[in-house]
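Note that subunit A is present in both complexes that follow, paired respectively with subunit B and with subunit C.
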Partner chain A sequence: MSIWRSLENIDRRWIYLLLAVVMVVPLIKPLGLPIDVVPETRTVFETMDRLPPGSAVMVSFDFDPSAIPELLPMGRAAIIHAFKKNYRLVLFGNWTQGPMLAQDLAEPIAKKMGKEYGKDWVNLGYKPGGSVTIRRMVDDLWDGAANVDIKGNSLASLPIMSKIRKLTDIAVVFSCTVGGSGMQFWLEYLGQPNGVPITGGAVSVMVPGYMPYVNSGQFKGILMGLRGAAEYEMLVGAPDKAVAGMDAQSASHLLVIVLIILGNVGYWVQRRAKAAQP
Partner chain B sequence: MDSHTAQVWIAALSTLAVFSFLYRENPVYRWAEHTFVAMAVAHGVVMTWDNWIKPTITKDILKDGKYYLLTAVVVGLFFYARYFKGGAWLTRCAIAMTVGYWGGYMLGYSPAVLVGQLTGSFYKLSLAPSGINNTITFLTLVCTLTYFLFTIRQEKNPVVAIPANIGRWAMMVAFGTAFGNTIMARMSLFLGRLQFLLGDWLHAIK
Partner chain C sequence: MGALKKQLPLVLVFVTALIPILGRYVAVGPFPSLLTGTAKWFQTASNFAWLLGAINLSIVYVSQVRKKRTNWMFSLYALVVMWGYSALGIIQTNQGVAYRWLFNAFYNPMVATMYSILAFYIVSAAFRSFRVRTVEATVLMGCAVLAMLGRVPVGKIIWSQIPDISQWFLNVPNTGAMRGILLGVYLGGYATMIRIIMGLERAYLGER
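This part shows the complex of A and B:
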């Protein structure tokens, strides 16, 4: 049996094991590969960075735990960015578990950076309804949010909300997106009709579908998966898990590329061998 | 063991339970899968109740007297009428209202975004370095649309066949990009779990 035939019949579990080894090694011993910032990430950073102090910024956690590795670092960097620039931060989520993740993330950061809940930042929590809720919040944010934050506090009792009565009072919406109810919803029901800039990031698998919106300027840049998160972490000056994971990510891509080449060469060799048989 | 450590251990063991599927299908994986689905549903119900239904009942309806909101509850209950003999027509009424509402709603908001896409397709076309990408995008768009021009037989008309062929290649490139991004996403998810297992659980990395 030729080596190509052996490779064709290899147990897939060996590939899983190889992948795990290839990713674990750079995590334990980082290679320090350079991280370049692409224009799409820079646009996101500049959109968030150019606002005057005191502007209201919404960071929407439109995902659940399955997308944590790619989207949580983006959300973390956006929260730090907003606090650094002294913006008023509004957290939200179109997915049930997103705002809970946001709360766990924001509380220690706010404590470390001296930001007070209710005055400097607020978490509106999950509100069902998706686009319908966004549409309602454009006219009356308080009513759209059922008048309560994630802790059940009345919005009237929170000083930060006194000047945020409609979604159009928000200067920028930064959405961390997986699935449909993220950047697309924000664009359709807030950004396009009301001119509020929509920016943020998406899981890698969604990025090709969103690029036409970036090219047309409808999305103000986009963070492309983990790589985008790492670049944004670098720009904000708060490197963390995304940056730390880029070496392992690159190593895994290299392995996949090698496997794809091997698979195709093997297929080609096998086909030639079959054709040569009498 | 404090509560945080207990949480980390539960999360780590659950992760390993799910990963055990990579070896083969087994009861531990099944347990983890079913538990996750159950918890996600329960969490969604609690969040919806706490963040929306409860405050709407207590404030909007009982305190502010917006009793008209109850009409939405009635229409919502129509969906369950199909479980009663002769009640299916009520469910159809509720479905008709939903379809009608969403049809109008989508037509009201989606075209503006599509117009933005349309104008974006003709954005700063030139052969200069600043606009060459826009020009390539535009030409690719035209070629790809030509591929779907089924009313003209492509093999007999080179004016259609050549751009259609370019469009076919453009789509192949797009599918390849989508596949590459899918791989990247899946690796990122695995990476996130590895960072958790090696960092938060085993403390092997910072």
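This part shows the complex of A and C:
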């Protein structure tokens, strides 16, 4: 087999191995490539940052473990941001596993930052119904949440909930979104009819579909995948896994481009050789 | 009986669709409270949907196991895991040590791994499919390369304008195209909704 033919048909096992290497090496030994903040991320940060202390902020974990690498860092940064600004934090999730991920994430952060469960923050857990649950919570958040938090505590027993009776008592909703029942649901059933700002982030593949809402100002900015999470971590002053992951993403994207170039070189050289044959 | 089987679902669909529409658009009398009532009803019904799904899945898997069909042991495994984990959740609640350990030690990494494997397939697929065979393929490849470089820090190191060009693609051509697609989707959704309410669309009854 000629070298050009080999280039056009690199065995996929070599590709898998190369990808694994270029992703793992920067995670072990970060390159520290500079990360710029795009306007969409800055808008998210400012929407969350400009509220008066004591405002109620909802961070909705609208994803399951498949989206952890991209969305969990966003949720972590939003929780830290809310605690730093002394907001009352309400965790929620339109996906079944989201609130459990949120609980495991928030507990150590709250402990470290001296925040008390039930007084400074609460986790409402997962409530079935999606858009209809949001619609019910607009009228009566307690009733829509079946009057219990993720631990089964009555909402009446939690001091933080005394002034949060409707979703309209929430100053901003920050949604970490992987599917339809995320930012779009919040916009359609809470943001647009009631004027509550909707912000947050989504996995990279969903961002192009959300850009019309971002450019119209309906979404207050958007964190675009891992890159957005890294930028937000930096703005909040809590760099972590997203920032570390950017070097790996740079390396993997470069690998894809190099492979595409090699494949095309092989393809064109062979095509010319075929054309030159009598 | 046949007429009841056909006419009753149509009447049910018409009436249940009418209730929230009246609740949303008629702001007098008892109508606004209809919206809250249907929302409560829907939320309760969606709880039962989970149970219905689990029972449906069980019927399929039990049948697989009984008839010893190919890979029937996986069906048995799925049944044990589904009902076992559900029982554990009911007994311990979601705060239980064993429940949370199984979630964090098994479910989380397994789902994350399944999704991460996609990255390997995508890279392999990109290598094989992005070939400069036609003008359209070349444009697609150019956009893909710009999008990939524009979203990572190394793009700016290669050429400082790459992130701006990538962002322009996202904000202008992409937004324009997505707006058109979204309008089409929602208008199509409305049209289908009206057809269902009026009983013109009966695919859900098994009709063609």
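Please note the rule applied: the second predicted complex is superposed on the first by the 278 of 278 C-alpha atoms of A that agree within 3 Å, B and C clash if a C-alpha of one lies under 4 Å from a C-alpha of the other, contacts with A are read in each partner's own complex, and residues count from 1 in each chain.
Please note the rule applied: contacts are C-beta pairs under 8 Å (C-beta built on N, C-alpha and C of every residue); 3 or more make two chains touch, one makes a residue touch a chain.
Please read all numbers here as calculations on a predicted model, not as lab measurements.
Of the two partner chains placed by superposition, only subunit C is touched by A:36; subunit B is not. When both complexes are overlaid on chain A, the residue A:245 reaches subunit B alone and has no touch with subunit C. Once chain A of one complex is fitted onto chain A of the other, the partner contacts of A:208 extend to both subunit B and subunit C.
Applying the stated contact rule after C-alpha superposition, one finds that A:62 touches neither subunit B nor subunit C. In the superposed model, A:120 makes contact with neither subunit B nor subunit C.
Using the contact criterion defined above for the overlaid structures, shared-chain residue A:193 touches subunit B, although it does not reach subunit C. In the superposition on chain A, contact of A:225 is made with both subunit B and subunit C. In the superposition on chain A, A:128 contacts both subunit B and subunit C.
In the superposed model, A:16 makes contact with both subunit B and subunit C.
Within subunit A, the residues touching subunit B in one complex and subunit C in the other are 16, 19-20, 23, 64, 66-69, 97, 100, 125, 127-129, 132, 135, 150, 152, 204, 207-209, 212, 215, 224-225, 227, 249, 252-253, 256.
Against subunit A, in their complex, subunit B makes its touches with residues 22-23, 40, 43-44, 47-48, 50-52, 55-56, 59-60, 105, 109-110, 112-113, 116-117, 119-121, 123, 134, 137, 174, 177-178, 181-185, 187-195, 198, 204-206. Contact residues of subunit A toward subunit B in the complex are 13, 16, 19-20, 23-24, 27-28, 64, 66-70, 96-97, 100, 125-129, 131-132, 135, 146-148, 150, 152, 187-189, 192-193, 203-209, 212-213, 215-218, 224-227, 241, 244-245, 248-249, 252-253, 256.
The touching residues of subunit A, when paired with subunit C in their complex, are 10, 12, 15-16, 19-20, 23, 33-36, 38, 64-69, 97, 100-101, 104, 125, 127-130, 132-133, 135-136, 139, 143-144, 150-152, 204, 207-209, 211-212, 215, 224-225, 227, 246-247, 249-257, 259-260, 263-264, 267-268. Across the complex, subunit C meets subunit A through its residues 35-36, 39-40, 42-43, 46-47, 49-50, 93-95, 100, 103-104, 107-109, 111-112, 114-116, 119-120, 123-124, 126-128, 130-133, 141, 145, 148-149, 151-157, 163, 167, 170-171, 174-175, 178-179, 182.
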